[in-house]
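Pasting the structures in now, so scroll down.
First chain A sits with chain B, and in the next complex the same chain sits with chain C.
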Partner chain A sequence: MSGSGIQVDRRGPQVSQPTTPARGPEAVAKGRSLLPEADAPTWFAFGFLALLILGAVLADWIPGLAKPNLEVGAFSGPPALTVNQLFGTDALGRSIVSRVLYGARTSLSIALFASAISMSAGIFLGMLAGFYRGVVERLVDLYANTLASLPPVLVILALIAAAGTSVFTITLAMGLLGIGTYARITKGAVISQAGRDYVLAARALGASDVRLLAREILPNLVPTLTAIVPPLMAGLIVTEGSLSFLGYGIPPPAPSWGGMIAGSTDLLNRFPLLIFGPILAIVLTVYSLNTVGDYMARRIDIREGQL
Partner chain B sequence: MDAPTTPLRGPAGGSGPAVDDARDAALLKVRDLTVTFRRRKGSVQAVSGVSFDVARGETLGLVGESGCGKTTIGRAILRLLPQGTSATSGSIEYGGQDLGSLSSGGMRVVRRHLQMIFQDPLSSFNPRRKVWDIVAEGLVIQGVDKQEIARRVDAALADVGMSASMVEGRRPHQFSGGQCQRIAIARALALGPDLIVCDEPVASLDVSVQAHVINVLQEIREKRNLALIFISHDLAVVRNVSDRVAVMYMGKIVEIGEADHVYARPAHPYTRMLLEAVPMPDASVKLKPTSVDREMPSQSNPPSGCRFRTRCPLAARICTDVEPPLRRMPQGQLAACHFPYDEPAPGRPGPGDPGIPGDAS
Partner chain C sequence: MRSVRSTYLRAIGMRLLAGVPVFFLVTFAATALSDLMPGSAAQTILGDSATPEQIALLNAQYGYDRPAWERYLGWLGKLLQGDLGKTAYSQQSVAGLLLNRAATTFEIALLAMFVALLIAVPLALFTATRPGGITDTVLRAVSSTLLSIPIFVTVVILGFLFAIVLRWLPATGWMPLAQDPIGNLGFVALPAMCLAVGQTAYFYRVSRSEFVATLQEDFVLVARAKGLPASYILLRHVLRPSLPQVLTVFGLSMTHLLGGSFIVESYFAVPGIGWTVLGAVKDHDIPTVQGILSLTVLVFVLMFIVVDIGYALIDPRVEAT
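On to the complex of A and B.
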């Protein structure tokens, strides 16, 4: 018939078309580099975090490193070329290097566990809200917005006043306060995924809601989450630092970055160098986490562009 | 079952007034299907009282402009419409079971028999899955045992001209559009369905690849005696694959019947308009558009009477007042029009066609 725009011929599917699928450029790049397309700041950020984590985990085994509460030198001693005195000693003669590393252990594990609490509950609630919408979504929104409208430090102070200062209380309080943020971000990501054809296709194959959420949608949330977790953890480190600075954080004499800053402010006029260790630790950690987050976000864009 | 290569073509007529070619052998019976989407402001009826049958091994083409409700019908059949924002009434019967009354568990069993192919194959694959797992997914969900899964995935891939070694370890984005659509077909085939809803399966592909994918579909259809609902806005494609054709306009079927009848002698002015819009390879054939080309009216507030009257060259008073029912036309098909055409389609070389001036052959 002359009207057809297509000529349907009777060739078999096997004869036509070369059968080698094109190789994506991604596959090639992966073999070459640990961090594809990373710039210098990104390498620095990953390197710094890796060293900090290693230092925090292995602090007990670093040769020559004093325990954080041990007096190793003069009161407010200046930096010197030994392991313990690299950043000087504090007002009680304790090694600042040692305290920064042991402080990292506290700060990082609080950030990690608080994030774990926020993420598990937040992702769960966000997935329900984004998938079922309606009443569930409104309840989750209400919860998230309520949390977001409260100043976190004040809420944590109130909780600490009620339950007493301990690493556990602080972690739990920060974890609970973070749930709303994760719920909202997850909800948005789920809404954008749930309307896609692959979810519909899985449903057409008979997938249950649980399977759709856990097997189809959740794996596709991972890129979004890897991009937002580092900056949110940076926020936790700052919050924990502020609490300790105010004296409501990690109870002394346990080392913490915020507490060290607070301790050195009294002597700031006479020994300004004291404050550098902990401040440098906080600044570099926060910077690195944010840089890593940015890098992850860039990677998502690249990957989405390749699809 | 008789010879699977002959699509069933029942005798025209002999059933209820609004349904085309209802046969005893109907695999799928859709009756008075109405789908309403709730929007923030009011609601939109995407499908209004649509009825049709699909027989085993038959291909029904569903054509119409975008937004006419073809995709909604396809999704309604598979119960894929969003439950919170849409309401479905009427009945969809598959093999004697009313799908609307099935539990989600019961529906899961039926899904082995009813499958779907989407317009954009790549977006219908989970980007984080490997191709082999994508094809196997339905079987995994349906609880088929491992050896059987491997066997059926291999068979389905072979049916679309691919093999397990070709897809081994690869992800969907490493394949071309045509290959992806064949993978999508394989995924639907793996479950061993009786009916596949193909929603614009070739619209996103290059024309050369379109023909190939359609050939694959046709071969599989004959081999497995599959029924297809082939949704497309492209009349040329639909003509090539369909036994019967249903033309939709604003949520209603305006013409339905044997593809040969509808294409040779379209009765509804809208069908004629669509056929005139198909590009003609023969430049010597001049077409005079018979229709007043205008935008489709608002879905949320359809015109009274015949919904096509605002664009129809034949519209008269009665079209505003009375909605025309689907009626049997002398040439065989059903059409919903007060002033149906009876002559062959314009510009198509046919016996005694006077409408081609200057054809010096």
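On to the complex of A and C.
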């Protein structure tokens, strides 16, 4: 009883504070939300992503689901109430549901691996740049600015023009391209953390630079990073989709959302239904990732506001 | 007066200075691209059926047998004379080709940008003054949905709608603006519309949050207390101080739009930069790819200078940073 009372008390001012000019009316709409301050779109986003990841991981074990390259029905068949034909069949009679799920596996794993590359290198460089400033910061800035000056698709296409296309090349290229963004954001966060009292206290206690960065500052970067990872992953999924759409992404027999959309455009005036599966998949995925990112960012604002 | 002008010049100078290493880095990387080719560059260009003599000849002709830094110095030397080399197959001048194609791309991009601003800014002004209202809620949902639609989905849907179902606009093709301005409008409409969709949603979001922040400033309260008309406050007290932020987003969007134009141009067969780069990638045409990379970087650097000048024009307090 008293526990919930305290919660209400704490939550009340926290959330409704934004009604005063300090925060702006923006937060008023969000203030109505439930327990973890999640609104309906946020719940939907988390739910959809969970289902998608489950479907992608467990695709092999879903009862009745055909392999993505297997002919299961009529060419360009309409949707029907079986697992494989829920979204219809494509121009080669393959199950669109199956191809969307297996395509999710490819898209998500490319985004995951590329993010892992960008994050590990980007956070490392960003921490050095933000902590030591000077020459390191200049170099990191130069790298970030250089990458920001070019559309990622152009850079990857240029690499493909030289080295040829493969999933490995694309993943590596997207990973290297993402380093700049992570480095820039980490650098900013480190600069804002480095002057705080807890860092000063740790330094006064004789902590080494490595300890300061790894044990004191890094944990405090986690909230900022959790807010930027989902939208950046959405960006990666769109980039990979664009490349596949242009025919330079995942090689054709393997399922990919971009490739499926490109493949069905010729048949669009006869079988417009073909395109719904992959379009729904990519739009909802991007929407969910962006929404989750927005939600995380909101949570940080609240946390920082409490400090 | 003199100090203000020198401030401009210093701001521009600093930007140029920051842009120079970026330009060199990108163009050098572009030159080094051919070293990534499996075997040798000529091998990739000519294919498997080429004889060793042919390969050696082509490698020598393009200088692929020399180290990257040597090729780069040569490329820079020619750049000073306005020569970007020749395309791999048709032996056209890359500079001439790009100028021609860039005009098309920029026409579409600028039109998209203009349309997006024209729709987004008034809507944002409207909802920023009525936060939490129905229009605000609806537009928030619409903009976040539009932002989730990748451009390659937009082209398919809008192309289907306007070219196949409604038959209002041609699905593919191009007519240069100089040749037939009216015909050009028909061809430019669909590509520009596709680029504008996401851009409008993006501009709307950014300008709305910017306006909301500005509306909470004390000077707006004072203006209201003075009894100034709402429209006057919006234009003079809200729009103007928010402009630098909107301008930055405008500048940053250029790279984004250029990325989108690859998809749009390839889908609607518009002979712009994006279409050219895709052809060049297919043909392993490194000189063209190199030219396009250099042009893109140049546009980016110039865009930032323009944004900086814009800052200084809007807000006289701006100093070189």
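By our rule, the second predicted complex is superposed on the first by the 272 of 307 C-alpha atoms of A that agree within 3 Å, B and C clash if a C-alpha of one lies under 4 Å from a C-alpha of the other, contacts with A are read in each partner's own complex, and residues count from 1 in each chain.
FYI, contacts are C-beta pairs under 8 Å (C-beta built on N, C-alpha and C of every residue); 3 or more make two chains touch, one makes a residue touch a chain.
Model, not experiment: these values are computed from the prediction.
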| item | value |
| --- | --- |
| Which superposed partner A:301 touches (first chain B, second chain C, both, neither) | neither |
| Contacts of A:142 with chain B and chain C, given as first, second, both or neither | second |
| Which superposed partner A:219 touches (first chain B, second chain C, both, neither) | first |
| Which of chain B and chain C A:204 touches, first, second, both or neither | first |
| Contacts of A:265 with chain B and chain C, given as first, second, both or neither | second |
| Chain B versus chain C as contact partner of A:60, first or second or both or neither | neither |
| First, second, both or neither for A:163, with chain B first and chain C second | second |
| Intersection of chain A interface sets (partners chain B, chain C) | 21-22, 24 |
| Contact footprint of chain A on chain C as seen in their complex | 18, 21-22, 25-26, 30, 33-38, 44, 131-132, 136-137, 140, 144-145, 147-153, 156-157, 159-160, 164, 209, 212-213, 216, 255-256, 258-259, 262-263, 266-267, 277-278, 280-281, 284-286, 289, 292-293, 296-297, 300-301 |
| Chain A - residues contacting chain C, complex | 21-22, 24-26, 28-29, 41, 142, 145-146, 148-155, 157-164, 234, 238, 241-242, 245-246, 248, 258, 261-262, 265, 268-269, 272, 275, 279, 282-284, 286-287, 290-291 |
| Sites on chain B touched by chain A in the complex | 75, 78, 80, 84, 104, 107-108, 111-112, 114-116, 118-120, 122-128, 137-138, 141-142, 160-162, 166-167, 170-171, 173-176, 178-179, 182, 184, 187, 191, 207, 210-212, 214-216, 218-219, 234-237, 239-241, 263, 275, 278-282, 348-349 |
| Residues on chain A engaged by chain B in the complex (per definition of touch) | 1-14, 16-17, 19, 21-24, 27, 132-134, 196-198, 200-208, 211, 216, 219-220, 222, 306-307 |
